Amino acid sequence: MKTNLKVMGFALSAAFVLSACGGAAAPAATAVPAKPAATAVPAATAVPAATAVPAAPKPTDVPKPAATAVPAVEAIKFYSSHPLQGASKGSSDGINNGYKLAIEQLTKDGLVCDGKFKITLELLDDSTAAKGAWDAATEQGNATKAAADKDAMVYFGTLNSGAAKVAIPILNQVGMPMISAANTAVGLTKANEPGEPEKYYPTGKRTYMRVVPADDFQGVVNANWLKGLGVKSVYVVDDTELYGKGVADVMEKQAKAIGIEVKGRQSVTGKDMQGQANSIAVKVNGTKPEAVYYGGITAANGPLLLVELRKAGFKGIFMGPDGVQENEFITAAGKTADGKFVAEGIYATIGSVALADLPASGKKFLTDYSAKFGIAADKIEVYSKYGYASMQVALAAISKVCKKDRAAILEAMMATKDLDSVVGKLTLDKNGDTTSTSMTGYVVDAKGVWVETPIKQAP
Amino acid sequence: MLELKNVHTYYGNIHALKGISLVVNKGEVVTLIGSSGAGKTTPLRTIQGILRPREGSILLEGEELTKLPPHEIVKRGVSQSPEGRLIFARMSVKENLEMGAYQRNDKPGIAEDMEKVFKLFPRLKERIGQRGGTLSGGEQQMLSMGRALMARPRVMLLDEPSMGLAPILVDQIFDIIRELHSEGVTILLVEQNARLALSVADRGYVLETGEMALSGPAKDLLHDPSVKAAYLGESH
Amino acid sequence: MDKSLAPSTAMPSFRRVGKILLPIAIIYLVLLFGQPAGLEPGRLIREILGNPTILVQQLISGLANAAIVTIIAIGYTMVYGIVEMVNFAHSSVFMLGTMVALLFMVGLSGGVRTPLWLAILAFIPAMLFCGGLNAVIERFAYRSLRKQPKIVSMIAALGMDFILQNVGLQLGSFVKLPNAFPDNQSIQWLAVLGNQAASPKAFPQVLDSVNILEPIFGPDVPLRIVPAEVMVIITAIILVFALTWFIGNTRAGKAMRAVAQNPAAAAMMGIDVDRIINLTYAIGGALAGGAAVMYGLYKGNTSWDVGFVNGLYSFTAAVVGGIGNIKGAALGALMIGVISSLSNQLLTSSDWSKALVFVILVLVLVFKPTGILGSEGGEKA
Amino acid sequence: MLKKILNRGEIIAVALTAFLALIMGGWQIMLVAVLAGILIGLAAPHTKNAVPRAAAVGLGIGLVIVAITSFHNTTLNTLPGQEVIPPESSTLGTYLIALGLCVGFATLTAFIHNLHDDRKRQIAFIAMLGVLAFAFPFFEQCPGLKWDNFNFGDMSAGCSVKSNILWIGPVIVMFIYGLQAMGLNIVAGYAGLLDLGYVAFFAIGAYTMGLLNSQQLGNQIGSPNLFVWGFWLVIWFAAAAAAFAGLLFGAPTLRLRGDYLAIVTLGFGEIVPIVVKRLDAVKIFEPISLFIAQIMGKTGDAAAQASVCLVGCFGNALDITSGTKGISPINAPQLGDVYTFKVGEFVPWYFVALILLVVSAFFIFRLRASRIGRAWVSIREDELAANAMGIDLVKTKLTAFIIGAMFSGFAGAFYASFTSFISPDAFDFSISVIILAMVILGGSGNITGVLLGASIIMLIDRVLLDRLKVIINGVLQGVVFRDVASGPLSVFVNSLTDATAYKIAIFGLILVVMMKVRPQGILPEQTAARRRPQ
């Protein structure tokens, strides 16, 4: 019993000493907004020092001496929600890096409106370890968390259009603006399926924006381009996912409309591609198409299809949407035994201005990004710049209204017009869609690099 | 040769062997009898290292076996024809016998012993290529004993060789045990059929609910009134 | 339907009619509701008659896939045969094997064309690594759980699977090293790991994609066989025969069979059961390593999740063939490979091929509960 | 030394709660304190002075927790990337309340645990847990509670700070999984049937709710509200559909031996999401006329026109399940005209889920004690003997399969309405396995254990790993690799030290370690059975 008391006594005294320290440490940290130690760690968190800044005192609170000594800096919180585990990790990291870079470059340590607001970004994960992919309940939790946080002003995300379907209605109810760098499903903003898009906006007011063009446009351009290349027959393969299947559907419809014979349609999941790309390639090649269109993304093992098609003796055109226009696609397809790039000569489009037409800021973005995150400039994840651009939209809106008010910020964001973004002049229409319809065509050259090429439309 | 000193063995929390001691001398056939459920198989499993005694020690020619894993114990010369025979059903008779000699490396010796086994059990030679699982009960028992002999054991443990066999086969098996005895093989025999067991053994032990109730020369036990009453089915 | 209406004693002819009508009704319903999956006999017949050579071509690709699946399946079946445990981590061991083989081939060839001998040599590190890894996992994760219900070690295996997958995923971040030091030529080959953790990573193609039938039958030959296909099939045959010989004729192989049939008796024979089980894991792992090299050379690609689908098919193959049986694994793999190739050809989505494989699995097990070549485990309860 | 003062259970309680306090911090000290109190009470030895002893130990542990939390708030929380803790959370008042909670719950639990009357003890336990479960959402939503300004009518009035670390969402998901784990426990725990495709029933339940309580089907035929039947009705249909699927899957396969059954069920688990995924453009024709048309050489639309069309043809293929796009929004429950549940307002959902869970637990408990429950267990223990006793094996197994499926159907229906969105990839193989892991980890065959397993795994997956990740990142990047974090290696080091990337591995490691440490489960069935006669 004696030792027992001793232990307790020790713990008790330790507790009081520590809690006393706690009282002392918090105000000390507020006096120095940006601690050098914290800012020396750039990658993981956007503005780490902000953790030490408490919320502004409210009238009911007993005023604390240390807190009143500094000018009131109000906290504004941004949340981002992307799957940080599993197959989508690469794309999500790219987007998150874009956000971080934008905050770092466009604000002074996160301060905007002459130091009136301090912006922090919290990166949420909408995937779970058990599943290794995005999860509806987790996305719902993330959105609710942001909705409940009075400091939260803008919600960045999501990567998956399905996750957006979960998040938009929740955020819509609290009028919080949400902006995505990657959702391309048409129905999120425009009429597509019955009930879309109204069913996602219970209040009837639009709260969702995106800086990437939706799928409906790209598929049409792809089909037209094939026609322009003189193709008379095409085989369409999709990866069964929302994005890939959606764009392939649009492309197939347009191809039929402009008189390209569709030799067939095959849906192959990324996982099945790993097991059976060879037999898919035999089937596709067996119909002797002049071109193969792959609606899907690199991570769904599109490169495997290309490799197997070439192995099966297919010599025609291979084309895909922006999910294919990644350097990853070229590296993953590899080289043939005699050292040529397998991906040489494949076509892809991307819904943004051409690299050559990128504004100076866009080119600077690529070099800065490369320097900061250690990724070669020509290998930067495709969505990174959209991440940066969406952060630009939000920051511009906040700087304009200088109010900690979701409705005002939303209004300013929706009114984005001719913003000089890293993806060119950016204007959002009443649906929250980017008006940019510039599509750039790319082809892989002999050095294994995507080079721009004019999109030849059929006469 | 083989000596158990005050061995206590547990199945989980059940106290199965409550301190038994037992000695088998070289060239002897010693039998352990008892009613079913008396825990007759447990000593054999303990000797072989499949069960671990919590207390007590097991010595083979003075060498401690208690802490050794089963394969080391086999290497030191203890082999067993287990209860239920445990034939490798999907292996041929020959392969089963080869498995008996698993711990040995002398090929000529193994071949020699196999010939011996075939001499002892001519039936096995006829069935040499047949799968173990397709043999009859008696043949399986022969195979099991042959397999144990293939280890060229210093002590052979025989568990219930008569179980489930027709009387004529039982007699055959016990004839073979006698033959082995005459060849000088040391055997510890566990048997339900006490009369038969005591008839081939030099000495016997009686196990009752995990404890040694009696021990002595087989002939004496055969005439012991309590043994007679309890195990030999003679009520007078 | 009619059958239940008919009284059991009267009108036997009514019953007979029911016996005929019931299957017809079932077939009709299957054809009715099978349409979304592409189950349209008319179309299928016409397609098959229209282009029979493509079916032969699909047979070849099915065979090549089956070769890889067989080798992975043997790993499952051996482990299952000896400890009756589904080793969920096996597929991830295979996945890491592909990574090791990839790094070995590219690392040693230094960025230039990988020679064939180096690719063949890659079997050694991949098999050693996977075998060793599997043995280590068995020793530290599963061994103490063997006396528990099988499901406990299955969950542990699942946990291992998560860990290994994460390791595979994390390998992708090593690509940041060459990006950070663009001048350091000695680490540039790490770029083979791709730009993103999760993206597919290319294997060097060491064999030309030429039709080996062309020199013999001329350029108009309707079939096409590439050297890589011949390579995987021959390698698989060699590995299966080597393994069969090992198990049938070596001392360790016999001990493995003995432990699989009856661990208690095996222990009494002086077999160190723990060691033999460990050895089984090691051999299963080594085979996964071999399959990994085959996979890399044939498919030309790998990624962190390559284990899942191959593992699933392999395990299914092992069960269809009769688990615990090496010939069964090969037969099951062959069935699955050919069926999925053909159904890829005839149906509209790989999803349906997968569904078909599982439907066949269910049918096989319903009519032959132990798999095609399986037998009841004798004395083993 | 520690071993002399504390017993094994208490040491575990200290270690566990100290760890939680270390990674949680802030207002969450309250949750940790309550948990610590309950654990101490349960670990108290059955002696005369158990209650005062528990109080004393509770005080000691409470102090440890307070000390660690204050360490967290002052030191760990200054590392990069930590949560902003509401300032009220680190005051002395908070610490004192936490201390009080810890001592109070330790005393109360020890008292209840030492009640001699079995019935009283059970009722007291249930009452305590009930009060806790009822109070949880209110306090959880409002960590910076002002005690002097508190009234029940308007919760937000007493809240000076709203929680932004929401536990309630994960807890509702935990209830959903708990429900499923209980259902699987009937199949795997009671009847001993290994089911690796349990997610199939979850999917069927969810899609029944999705189809019959949203505009998905109605939109296809032009009257959107035709198939909006309301949550309270459809949840029964969902359970019935899942149960029917259980019958359909089980009848032909249940005579298979354990592991073969496992692989067959795995097959079902794979097939159901595939079918759901592909039913987005359904055209069905009368097969005989279609066959004739196709044999005649007509393909595609020509064949379609030549044959008899049954469902949505001539270009309007019927979109039944919306394929990969998923169904959304799915309607929320309504309480008459008074109240409609809203997505993201968790408290009402919480109570529905809680009621669903408690009622199911009660039913399953009664089932286990009934004749059929004994039959299940006898089959698990010895199939031959059970058969010899006159138990119809297939029928009994089938009942287990059907009833287990039914509970998964309930869970799926609730899940669909709760998230308002379902798509085929929500029903992955991994979910079947995770639920199985919950059953095994908690203690297969024991309802309490299974629920405990579900809560542990779900909390690890949804809450703890996230917190752990933040702390590990902070320590690695703020302390360990502080100097390496600049220069060319920084990017590489940062990506290696990013604990998010290791969440899956940490999860796996926890599974392996738990299986090794306690393979029979945390609360094995035997213990429960042995305790009952006392």
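Letters are used for the chains, namely A, B, C and D, taken in the order the chains are written, and counting of residues starts over at 1 for each.
The rule we apply is simple: a contact is a pair of C-beta atoms (placed from the backbone, for glycine too) under 8 Å apart; a residue touches a chain by one contact, two chains touch by 3 or more.
Treat the numbers as computed from the prediction; the structure is a model and nothing was measured.
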Which chain pair is joined by more contacting C-beta pairs, A-D or C-D? A-D
Dist(centroid_CA(chain C), centroid_CA(chain D)) in Å evaluates to 33
Compute the distance, rounded to whole Å, between the mean C-alpha positions of chain A and chain D. 29
Quick one: report the Å distance separating chain B from chain C, using the average Cα coordinate of each chain. 45
Suppose each chain is reduced to the average of its Cα coordinates; what separation in Å results between chain A and chain C? 35
Per-residue multi-chain contacts in chain D, two or more chains: 277, 488, 491-492, 495, 501, 503-504, 507
Listing for chain C: what residues touch at least two other chains? 162, 165, 169, 176, 179-180, 197, 349, 351, 354
Chain-chain contacts, ordered by label, are A-C, A-D, B-C, C-D
Which residues, counting only chain A, touch chain C once they are in their complex? 86-91, 93-94, 129, 132, 240, 265-269, 271-280, 282-283, 286, 298-299, 301, 303-304, 307-308, 310-313, 326-328, 331-339, 342, 374-376, 379, 381
Residues of chain D defined as touching chain A within the complex: 1, 4-5, 56, 59-60, 63-64, 66-67, 70-71, 73-74, 77-84, 86-87, 90-92, 95, 149, 160-166, 169-170, 172-173, 176, 215, 219-220, 224, 277, 319, 322-326, 328-329, 342-344, 346, 415, 418-423, 425-426, 428, 430-431, 434, 457, 461-462, 465-466, 473, 477-478, 482, 485-486, 488, 490-492, 494-495, 497-498, 500-501, 503-504, 506-507
In their shared complex, chain D is touched by residues of chain C numbered 28, 31-33, 35-37, 40-43, 45-46, 80, 84, 86, 141, 144-145, 148, 150-153, 155-156, 158-163, 165-167, 169-170, 173-174, 176-177, 179-181, 197, 312, 315-316, 319, 323, 349, 351-352, 354-355, 358-359, 361-362, 365-366, 369-371
Within the complex, which stretch of chain C touches chain A? 51, 54, 57-58, 61-62, 64-65, 113, 162, 165, 169, 172, 176, 179-180, 182, 191-192, 194-209, 211, 224, 226, 228, 299-301, 303-306, 308-310, 313, 340-341, 344-345, 348-351, 353-354
Enumerate the contact residues on chain D facing chain C in the complex. 188, 194, 252-253, 255-260, 262-264, 267-268, 270-271, 274-275, 277-279, 281-287, 290-295, 297, 299, 303, 310, 433, 436-437, 440-441, 444, 488-489, 491-492, 495-496, 501-505, 507-512, 515-516, 519-520
